[in-house]
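Next come the structures, one after another.
Shared between the two complexes below is chain A, which has chain B as its partner in the first and chain C in the second.
After this line comes the complex of A and B, so read on.
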């Protein structure tokens, strides 16, 4: 008798009762409480499971040599592609990592049941098959989690990028007057972003005065002060004037206690005075109308 | 290769356009030529147009500072105009804040400021 390939029984099970496995897989998910009927319709879940199982069978058929397999192999391309889609969908709808892993692991039960039936009472064969299925499904689940985490990291990355852009708007207040309302904390990465953004805008708008408003900056330590002064110095080198406004009494005290020397950079307590000074520099005054 | 960088008289100011490919020798030679020109003519200011300059190092930074120092001794103000954002960032990162020079956005701005003096 020809030695049977290690995956023969598993493939037989998958081929003979593909639909049944999907239904039972769904059933197990319900039992484990990880089928999110609130997020996915029955048809969607069934469809996802079908695609995954199809790709999984294809992987087993082509990607298992002897008893060895590697999910990074080309042979598992399909599964990885489907998994990426499903994970993305699930991450976006707020599925937790546990739910995601349990969802894949739930595939074991229907497979085990059918293997048991197929093995009749050949326990050593059953044991061998169960072990292989376990390894396959575990690898599948681990891989799923990895993709899941990757997806999440991408989301976090994108959000951080968006926040970085959102938090450094350079606003044109008047002809040749720019303002940069700084909010939150000013770390090195943000300071760099702010500075580049600001200098570029100075160039584009030919701005003569820039008001950096730090009303929304919670704390000013030596590091933050350093970033601010460097930005101010760069602005001056470009040929524009820089005013730092929004220095609260608290911050003024801290800055003096820390021994921060602002040098020739002008500072104002409120953006209001900074604005009227800036307008004066470019040749405007704010005037009250007669009628009032 | 002397004389790549041109020195032109505009109103009572000397306009110097520094090219991107200026070498260290040329910049030192420029320093020499410029000091002579300031001394010979009645010059109120020197305008260094560095808008073509894409890369700076400490050497160029120091020469600019020295040019400003020389002009000051010869009773002329130095304006650096058209500095690119990347150049400004680099100079600041090198710790060269150049407090002795005056800066302006463009040639027009520098000339306007010189007229006020």
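After this line comes the complex of A and C, so read on.
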């Protein structure tokens, strides 16, 4: 047999037994415990492995010059595209970065075995081929990790955005009593939206008391405090009374250290006391029934 | 333009510390992420709820300052080898603070805030150090016992 380049040998191996390599790759993934059969069906796994290996072969065929390659090169576009899809899917289903990297690295064994058979005891050739495969698969794994982490950050970012945009409903608890249950982070954009919504509802419902409940706000820093105090001032300008409820002892202490002065805004530790005070203001009392 | 070293804390200011995580500060969402990371590490290491609330609020103040007054920066969280203290460093390459005492005083703001963030952070954190110079950025180091 004519001596072939390492690239040619690897391609020979891939072309001769493409299906066999996929099956063994899947098998190694099972052994390594990274084939998540709880998350992916066999058909899904097989398909993803096949598409990845196809794109990997194409990259080797077109994107390896001598023994040099660069996965950022456009010759590797296909692999990057398939990886992006596979990673997105895996991130969404809760696969970890370690599992993902091990999954790619599991491709080495089936390739090594076939190169060994091909080399037929020409050890220096085998070593050369194994070294190139190792570099290729390692680069593949590192690249996968980058894409995977990138994908994960995007998802986290999107979720964060969604959380921030959670609309804050203004709830009419009773005639002329409104409550605004604030949750999460109150950044400037959201504070503005919440305030507009609140003032509009005060007008529509002829509200006399507004309870802003911050039980669900984890951190009250100077910015959040400023938004709350501004909202309270606006509520009062519209002729309604404003009560801020849900100030935990920890938040109260922290606000004192920050030197935040709530001035004349009424505050209550719980929404419960705020509610009974609010009802009193509009002329109602909460009373226990006789039968109890 | 490289930053003069006096405006940035480095490893020698910290002693032997493990860098737990580093965060880019650019958007208000980044401030939330940084604050939440600190809160998570503190809880994992058994800090009390009060201590978490206080320190996370201090962190919120200094990272928001970097974002609002300096256009962004970088935030790092360190823990000492025996996990006794958590240290954070917030660094930016912004305009710096000409008069630190004035900036620390309650009610001073250059931009329509309450002007209580910096002084408040100093009162809330166990250790608080600030390094800054005009046009050389601002760096704040804070730590809390775990």
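Going forward, the second predicted complex is superposed on the first by the 160 of 292 C-alpha atoms of A that agree within 3 Å, B and C clash if a C-alpha of one lies under 4 Å from a C-alpha of the other, contacts with A are read in each partner's own complex, and residues count from 1 in each chain.
Operating definition for what follows: a residue touches a chain if its C-beta (ideal position, glycine included) is under 8 Å from a C-beta of that chain, and two chains touch if they have at least 3 such contacts.
Just so you know, these numbers come straight off a predicted model, no measurement behind them.
In the superposition on chain A, A:188 makes contact with chain C only, not with chain B. In the superposed pair of complexes, A:263 makes contact with chain B only, with no contact to chain C. Touching more residues of chain A than its counterpart among chain B and chain C is C.
Contact with neither chain B nor chain C is seen for A:33 once the two complexes are overlaid on the shared chain. Within the superposed three-chain model, A:254 lies in touch with chain C and out of touch with chain B [touch as defined at top]. Of the two partner chains placed around the shared chain by superposition, chain B is the only one that A:238 touches, whereas chain C remains out of contact. When the two complexes are overlaid on their common chain A, residue A:283 makes contact with neither chain B nor chain C. By the touch criterion stated above, A:221 is placed in contact with chain C alone, chain B being left untouched. Shared interface residues of chain A, touching chain B in one complex and chain C in the other, do not exist. Contact residues of chain B toward chain A in the complex are 80-85, 87-89, 91-93, 97-99, 103-106, 109-110.
Chain contact summary for the complex, chain C toward chain A: residues 28-29, 32-33, 35, 39, 49-50, 53-54, 56-57, 60-61, 64, 106, 113-114, 116-117, 119-120, 123-124. Touching chain C in their complex are the following residues of chain A: 157, 160-161, 164, 185, 187-189, 218-223, 225-226, 249-251, 253-254, 257-260.
Residues of chain A touching chain B in their complex: 195-196, 199-200, 202-203, 206-208, 230, 233-240, 263-264.
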